[in-house]
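The following blocks contain the structures, represented as structure tokens.
You will see subunit A twice below: alongside subunit B first, and alongside subunit C after that.
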Partner chain A sequence: MKIVRALKSKLLLPVMSVGICIAIWQVLHLIIGGEFLPSPYQVYREAVRMFSVKIGGNTVWMHVYYSLRRVVIAYLLGAATGLPLGMYMGWNRTFDKVVKPVFEVLRPIPPIAWIPIAILWLGIGEGPKIFICYVGAFVIFVLNAYTGMRYTDPLLIAAARTYGASRRQQLFNVAIPASMPSVFAGVQNALSMSWMCVLAAELVGAREGVGYLIIQGMDMYKPPMIMVGMIIIGIIGASLAAILRRFERVVCPWRRDLT
Partner chain B sequence: MDAIEAAACKLPLVPRQPTPYALKLKASARDNYISIVSFAAFLVAWELVCRLGIIGAYQLVPPSQLVTTFIMKLTNANPDGGTLLEHTETSLVLALTGFGAAVLVGVPLGLFMGWYKPLDIMVTPIFDAVRPIPPIAWIPLAIIWLGIGLPAKAFIIWLAAFVPCVINSYTGIKLTNPVLIRVAQIYGASNWETFYKIGVPSAIPMVFTGLKLSLNASWTTLVAAELLAASQGLGYLIQMGRRLAKPDIIIVGMLTIGFTGALMSWGLNRIEARFASSKRVRL
Partner chain C sequence: MAQRPDVKIECRNLSKSFLTEQYTINVLDDISLDVRENEFLVVLGPGQCGKTTLLNCMAGIIMPDAGKILLDGREITGPGPDRGVVFQQYALFPWKTVMDNVGFGLQIKGVGKAERTGIAQRYIDLVGLQGFEKSYPHQLSGGMKQRVGIARAWANNPEVLLMDEPFGALDAQTRYAMEKETLSIWETDKRTVVFVTNNVEEAIYLGDRVIVMSCMPGHIKSQYPIDIPKPREYTDPRFLEMRRLISDDTELSL
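This part shows the complex of A and B:
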């Protein structure tokens, strides 16, 4: 009985919220009217049409696949380089002081501002898009790994030292596990950041991807097409976040009470 | 006796270790030297890479040339139709307009949503449905709705800044210590009084976190909007630099974007330290 009730409340709320949203949308459509704000039904019909034809030579699924591939490659690269760098910066003082100034100059530049130079450097293929997402994810990974490491409870490290742990053991058995919560906050942010960056890169110039879908809708002056694209983007973004939350629960089980 | 001494000698010797970084929170003079030297080394390496022709002039320019371009762009409107200050002003006005409007709407909305149940139930579903869509994805729709002028960009920036404002104000006021609320009620405070004397002050640290996120988001989104549709502004400047294949203009533009963004965050941090430091808000 309990499970059924939990399922109900878990399913009921999102369904209700989507329902309310669609109702408000329909009302707005009736007030504003016309082609500016298409009705939910028009958008649904457009979605059916879009999934059955090829847009720019690719099906919608292929566009989704292209965007996701860019994000995943850039994200993994960002994690593979950013996490060790940030952790080492937080662990070794000299290294921190060496790298910090350059990093601090580059950090406030939004990843999106890298788009023009990325295109200049890497042409207009997959390169610049992956690069932009990489920059977005990398900075967040470094910052969070650094913060987690740097603000490890000094007491824990002091305790490990007292018990005669070597530097290595202090690092791998104390500091890294202690920095995990902060790292995981970064893991989430980095993914939503690279998802946003891939969109921006695809809006500026691409022949495929979900960003291309909505820019195509704009060029053809088709608000329903843009809205279908936006809904797809929202669903993928939300699912990516949900997957990571599950993953976090597996890797950081001691934080279960917090999430 | 001998046996004990022998055993003591066999104990592994723990070597003298440097103090772990986590135990040191203050920078020393030596640290600053290291930083300055490493930054100088970075600039020299960059200069050399360009001067020796390892990277072509159409891809990267040496820092020395950046300085000349920067000085030139301060007064010269060529080749993109505006001096650096004009571009910066356009972008700043736009970003701060969107940000200001978002704060004016978002913070009160978030606070009320967190306090008044009916409003929460009404607004949260809409909010949750719209939130996963990144603000940048609204750009095409905004352009169709509002044209490519200032209103479209202001709308996008407003949207980008609005979301963190609402979420943080909402969370902040939800986390108000229930004991304090009950105390206020016992002393006969009305709901409204409890709201603005207990709820709002205790939410302020979270609200400021939201403001910082908002400011960041609005600056990032501004660049995206200006890359896509603008005739002036820093995003437009770097886009023109790309069209003209002039890396010096792009990099000067990027550094200006970064610097201006950092300056705004710094200003906001100062305001926070002045009005909302944890010492002032003691709840």
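This part shows the complex of A and C:
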């Protein structure tokens, strides 16, 4: 019985939820008409076709690779610069007061609003696309590192002080590990954001990438192609998030039972 | 003023007030107090009477506005490893295992891993947590968490232990067990202890001497040496008499 129940919740429910969605999609297709909303089967056929030919000189896998490469480069740069900056802002009050006003003004600017200036500065190659993704990831890294540091339980710092911990030891032995859960929330959000940004960047003048696939679908007036592109984006985004959750469980083992 | 040799901590005319938006609260008002070497001193008082503030001043976590505290004749200017603190809210590091929490003070001192593990293990055994060395705090019950807190403080080998309502968050049953164990740990490994509580029974069970504090502003109302030999029985007539005496003297309301 237990196995049956586990299978039910692990397999049956997700399969059911996807099945219902496809059914609703089919119904909507019948109501709205094939012109605007292709049927699930048409999309499936299109996916099979797309994976078997080259689009704009590259296979679908190559397009995915191009998008991911931009994201990964931008994401790592964002982590390398955003995390230390956010942590230091959270740790040092003076530094916080100096940097915060500038950051508060830059923060609400959506990454896509940087596209024109990025193209102006960096041309039309990989530069601006990576830059846009970087901006998106960077802001989230900074914010979460900052929040994690600021909300470190003062009692833990007090406890460390009673053991004679120096300011440096308080930072490395208490504040940084204590901020890890918040940092990891940021690690995940930053990747999602970075992934969203790469598509936005690719919609504006790219010759390769998943965003290019969607634009191609639009230019050739092929709704199924657009939808295949969108589904690929969704699946990759979800996979990236799943990989990072795994990673968090390895790095923050004390949170294993909580999530 | 010459210091008596057996005085460990000396508080002289301590005052402390906190500012709120509307008014000033005098938390400590001219408190003078001596704690003797290896004495188990209990500070008893109702909530918000400043007993935790007094303890935090001894710990060096907060500084008094006036007066000073001497440890072995030297003035306390901040927190230090010579005074171990056991917190009511445990204050364990959630990302560290029991072993690493207990070894924290030693790690800060720069003691090598092998030696640290040896010492930590001895105190983990002493508080009865063998088998839980690799557990994380969130996997432990409240009583077990506080055992870790006690082991962590003791393992660092402080001269003075400051215990801030350590069993306040525990259920009655666990509380009795922890009181008993605290005594046996103290008998095994004697230190000067300052123990803050709002529980009269706990105070009489543990204390060599009980200081009764009073509220608004916090001051020392009276003190009672407890001459009943340890371990004490809650039903001992002398215990009950002491309890009646101190209860009558304590504002349990507020």
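Convention: the second predicted complex is superposed on the first by the 251 of 259 C-alpha atoms of A that agree within 3 Å, B and C clash if a C-alpha of one lies under 4 Å from a C-alpha of the other, contacts with A are read in each partner's own complex, and residues count from 1 in each chain.
Keep in mind that, in the parts below, a residue touches a chain if its C-beta (ideal position, glycine included) is under 8 Å from a C-beta of that chain, and two chains touch if they have at least 3 such contacts.
All figures in this text were calculated on a predicted structure; none of them were measured in a lab.
K.L.:
With both structures lined up on subunit A, is it a clash or a fit for subunit B and subunit C?
P.N.:
fit
K.L.:
In the superposed model, which partner reaches more residues of subunit A, subunit B or subunit C?
P.N.:
B
K.L.:
Examine A:C252 and indicate which partner it touches, taking first as subunit B and second as subunit C; both and neither are also allowed.
P.N.:
second
K.L.:
Answer with first, second, both or neither: which of subunit B and subunit C does A:K97 touch in the superposed model?
P.N.:
Only subunit B; A:K97 stays clear of subunit C.
K.L.:
Which partner chains sit in contact with A:W121 here, subunit B, subunit C, both or neither? Use first/second/both/neither.
P.N.:
First partner only.
K.L.:
Quick one: classify A:N173 as touching subunit B (first), subunit C (second), both or neither.
P.N.:
Second partner only, subunit C.
K.L.:
Per the contact definition in the header, classify A:G164: touching subunit B only (first), subunit C only (second), both, or neither.
P.N.:
Once the two structures are laid over each other on A, A:G164 reaches both partners.
K.L.:
Considering only the touch criterion stated at the top, classify A:G57 as touching first (subunit B), second (subunit C), both, or neither.
P.N.:
After superposing on A, A:G57 lies clear of both subunit B and subunit C.
K.L.:
Quick one: classify A:I109 as touching subunit B (first), subunit C (second), both or neither.
P.N.:
Touch status of A:I109: first partner only.
K.L.:
With both complexes placed on chain A, how many Å separate the closest C-alpha atoms of subunit B and subunit C?
P.N.:
Across the overlay, subunit B reaches subunit C at a minimum of 7 Å between C-alpha atoms.
K.L.:
Subunit A residues touched by both subunit B and subunit C?
P.N.:
On subunit A, the overlap between the subunit B and subunit C contacts is residues 153, 158, 161, 164.
K.L.:
Can you list the subunit A residues touching subunit B in their complex?
P.N.:
Touching subunit B: residues 14, 16-18, 20-21, 24, 36, 90-94, 96-102, 105-117, 119-121, 149-154, 157-158, 161, 164, 167, 170, 175, 192, 195-196, 199-200, 203-204, 211, 214-215, 217-218, 221, 223, 226-227, 229-231, 233-235, 237-238, 241 of subunit A.
K.L.:
Can you tell me which positions in subunit C touch subunit A when the two form their complex?
P.N.:
59-61, 78-81, 83-85, 87, 89, 91, 93-96, 104-105, 107-109, 136-139, 156
K.L.:
What residues of subunit B sit close enough to touch subunit A in their complex?
P.N.:
Where subunit B meets subunit A, its residues are 12, 14, 17, 20-24, 31-32, 34-36, 38-39, 42, 58-60, 124-126, 128-130, 132-134, 136-141, 143-145, 216, 219-220, 223-224, 227-228, 234-235, 238-239, 241-242, 245, 247, 250-251, 253-255, 257-259, 261-262, 265.
K.L.:
Residues of subunit A touching subunit C in their complex?
P.N.:
It comes out as residues 153, 155-156, 158-165, 169, 173-174, 177-178, 180, 252-254, 257-258.
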